[in-house]
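Below, chain A partners chain B and then partners chain C, in two separate complexes.
Moving on, here comes the complex of A and B:
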């Protein structure tokens, strides 16, 4: 008998009401009607039922459209743009993780981090130059690039400044997206950069390339040739359509698993070099200051991490009963192999179910059944990746890396669920 | 891995044919890259490496840099680089190992060449790529002077700038490829 048909006991698998991860899968509707399956609400909805025929059934609906839009009722789900003083385009906007499900981030809600706004690029005039330590410096038009064989891959991009508020002495207020929304996941389609470097004839002594964007900051980063040859993609499409301007239209470099800033948007130039160029955005910024005053430079892969997106601040719980805890896990070092969830502040843990597909360097959705008794509870998740790395607690992370690191924060996130159903960020 | 010579007819119309260079083509793609002319490369290649490679002709001193700074940088970065709307550019020396580190061009940046590279490509924020090379040398000298790294009359140019040793230079540890 397949496991999904077996009768899964409703006993707790970890403290304070965590139930077996297959509860929802195996018993589905029967269980839900027997217990009370509660919904997390961002906005209180009227529970009133009516015998009247709803107005939308009494007239023909709207016509077709050339480019679709979401329901007006969902328009409140927004990124929250914040920019540096005196600028409109040096800053970021975060993905509202708490309002989304599944593993793919809608392109319109993919986080943004720009250093001088979004350039308005005419693709007919855009060129990619590959030069430096190559036999033949080459220029590619967008039309030319579109004729190369394409590959599609699902990968997350996470800004290395994501979750930085975790370094704060007091827990920051805000939604899950406010705290952790500088991460998103898309299907990216494009051309393998290795093919173009092969065409240009790369000098075997070359160790690095400089990748440069066509924005007003001409943002540039040095990338190891090793990474380029391994899995670098020139992304032309995101989730099936051409990249959006805020994600690098018409070309972005995609370096799976690496800190987001290095996946240079609006890519215009690749210069093959022997040594790193030591640009401003890999020295002044995106370097990790240790407690002793020394700094780590070129800390590329994003560490293993997870966060519970529901329940989370702003999604209040409406009374005791059965809930699904849902969240996201990811790692720059490969696949997520397990996510453990605790509902008793970390005293006991149980394995969550991972939603398929579980892909390397992609977001993985995890789920856990929880019978909330209506009391005060602290819930948290910790992820483990295929390299064996385990997401550390905040204390472990700060102990190991110090408090001045400023980037690559991957400590465990704890949410306190109060008896009135409100959820807030807490430490420990 | 590479295919042998391709018929020269494909390149009719291209004036660049480097004698003695081996025409080799990638197997996996349609080979649609067009050979870049050296003028094009020179115009596009604005990056400067720590050894000074890429630095243009010209020179400037802090004295000259100060007046450009007062006109074009002050509103956002404050008097003598003390920070205003945007990043503080001077001071903070000796704070990195303490509880409240202040990272500035002077206290934190490992290479002086990065100042030239960055200011030329990205500043002033609202009019990037409008400064002349002379102006960028002068502004670079001014920022170094404000941080006590060079003297007020010391000229920065393609030879002197890469030789400036930044105070925090030896405090960076290569996480990739790892320390040797």
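Moving on, here comes the complex of A and C:
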């Protein structure tokens, strides 16, 4: 066995108990002082200790199944559907970020944002039409699409309205998922839309495409051709299996890093155009009202952002001692290169460990060890992406964007940990 | 828009229609001759073409939900439980590899192999005991474990009995999943077991640990301490959410790259020992009978392997023309560095495109473009890992391991594509 390396002291790297990230960077050697954790967590046992035989070891267990399900004990972990008055399918449901780990979001908990519910599409009857400024308009069946070369990539999707409660004058109550759960991350597999457009032959004067969904709202958005040719996917699979209906079955347009709404679900039509179509969904909604009363339109990329998922409201702390601070960071502009964490309200910061693989336009899990002294503390995280962009404080964001903005909130999230272990949303 | 690069001919890179992998390596430029695919797949439309409004666009869709489910049209995709006579939970169920894409296996379709069914564990009452040759025996509740630093990693698990039908004298019938589906790949998050053992303080004379499950079979295996200190995880989360009961809820030992059986599910006890415990599960089973009648024991790492998932039996081809050959490769010794594909029965080979990220001890998706001429063809794949190991042919494997072996089959899989489009398992 490896040489023992006990009693290496845990190094404090920023104020109020943040510890060096080496705790997470290797496990081949002993990285913490012996007894550091167990004094507060595990129960010492004697060498003769045995554990009672629990009832589930005394009878044969349940049988296998064709398609598994989660433990009943975990059923309380749910998205939280909130619909417009008088509808069941116009609204959103948020990913319970505080209950998840790693970077992949289970498809069953991927956030939803629908404009007229989830259409019940028969894939055998579904068609994708590519037309407009092309040499050869084409219609694809699902079988035809499945013949094309595919690519697989891990990407987040974030609704541009995510975290909009950050614009509120007072800090909103709710869990991390309630406040920030309109973002999720999956492995997507599908056909590069660039290949299909090349097949159709794009008129060189074309600058935009219209993407239209097959829901009753006919949700549609305009996308620059440049983005399509860069990295647009027609996603057919999510996390290994076919898309779920609430994620656009059988085809979702996936525009990595762009605001989620433009990754049109239930895609039925791509029309190549010279100008943006100015659809209802990009004029009445999804524009950014500035302080001067004018609106920005077509603000596509989601900016660099992070949030601590644990501890967070609803996950109360049980006494002083060692904890892991865990969270998610992402950017529509590429890879996350660093996440800094503060446990003293932003006076001092230290770099968190990033979980590999760190991928472009994907969630990145960050982790930090924290020795909580049991007193009041404000914890926060800020992410930096490969473009050099740094997640702004709420004050910086409001100063830059104004108070009428209703989308693209990416301000730093502060959680106050009270001495009784309760965690709440605070500003500053 | 980008400059058009039409009419670049598709370059043939090996016999019988294998095409250069550049088709998959970029999508910023046009990579295929205009019309190459659509002549065989998409239906030309006129510029005035419209698509009928389908019934699902005429009514509001379904509402949102707390925990989503897949489309009813996809319900036929199932694991295939096969139990020992008189039991429902002693046996295995295989991942339908032929119906999946990307590298992540949906947790609901992760393979199962149980020895006495799935225990119904109450996590509040579950305990993990670490004892034996340690300074400080410890008992952990789930709450205590959740305080420790975690790590997230994407790894495959493969049962050592996977693909054992390859030892049969005649090629077995069945789908790719029926033959090779005792392998799956997930993002796992949990606590490094090395940290807990360091907390307990390992006796320097200890060389092994016993890992014991809380199922009625008390499935238990011996693991070298060296492996534990290298990369063993106590997995608590799978693909973002808590482990499923059929994957060891609430704790699974995860030993990346090792035969699946030793990644003990429903983990309840780690006993540190000087010698292997020689449990029933490592003496009566999971040993490798050699030609001379002696058995190998403790043959832990799964060797380099690959399989073409599409086309494969049950996924029939519909006429000559362009297809994607897609498959999975993995190795218990590290990263996959190359996968070669042949469409002429092994006379010539070409390198497939590997889907990023390529991760150590994880599934790697490979892809190859193929212009099928409509005639009889035998397609196969062989993987090479970073240790330099090359997946052997079935003949090489039998010559090396003998015909009495019953585990660790990693021979090259050949599929015969008949001129009517049917695909079957063949040898050679």
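What we mean here is this: the second predicted complex is superposed on the first by the 390 of 428 C-alpha atoms of A that agree within 3 Å, B and C clash if a C-alpha of one lies under 4 Å from a C-alpha of the other, contacts with A are read in each partner's own complex, and residues count from 1 in each chain.
Quick note on the criterion: a residue touches a chain if its C-beta (ideal position, glycine included) is under 8 Å from a C-beta of that chain, and two chains touch if they have at least 3 such contacts.
In this text the structure is predicted, and so the values were computed from the model without any measurement.
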### Task
Considering only the touch criterion stated at the top, classify A:195 as touching first (chain B), second (chain C), both, or neither.
both
### Query
In the superposed arrangement, which partner chain does A:71 touch: chain B (first), chain C (second), both, or neither?
second
### Partner chain(s) touched by A:283 [first = chain B, second = chain C, both, neither]
first
### Query
In the superposed arrangement, does A:297 touch chain B (first), chain C (second), both or neither?
first
### Query
Between chain B (first) and chain C (second), which, if any, makes contact with A:129: first, second, both or neither?
both
### Message
Is A:138 touching anything from chain B or chain C once the two structures are fitted on A? First, second, both or neither.
### Response
both
### Task
Would you check which partner chain A:404 touches, where first means chain B only, second means chain C only, and both and neither mean what they say?
first
### Query
Touching A:246 in the superposition: chain B (first), chain C (second), both, neither?
second
### Message
On the A-aligned overlay, A:347 touches which partner chain: chain B = first, chain C = second, or both, or neither?
### Response
neither
## Note on the structure
chain B and chain C footprints on chain A meet at residues 87, 90, 116, 129, 131, 136-141, 144-145, 147-149, 192, 195-196, 198-201, 216, 218, 268-269
#### Entry: chain B residues within the chain A interface of the complex
1-2, 21-22, 24-36, 40-41, 44-51, 75-76, 85-86, 96-98, 101, 103, 105, 108-111, 113-114, 117-118, 121-122, 125, 128-129, 168, 171-177
### Summary
The residues of chain A that touch chain B in their complex are 84-87, 90, 115-116, 129-131, 135-141, 144-145, 147-149, 191-192, 195-196, 198-201, 210, 212, 216-218, 220, 224, 268-269, 271, 273, 275, 277-280, 283-284, 287-289, 291-300, 404
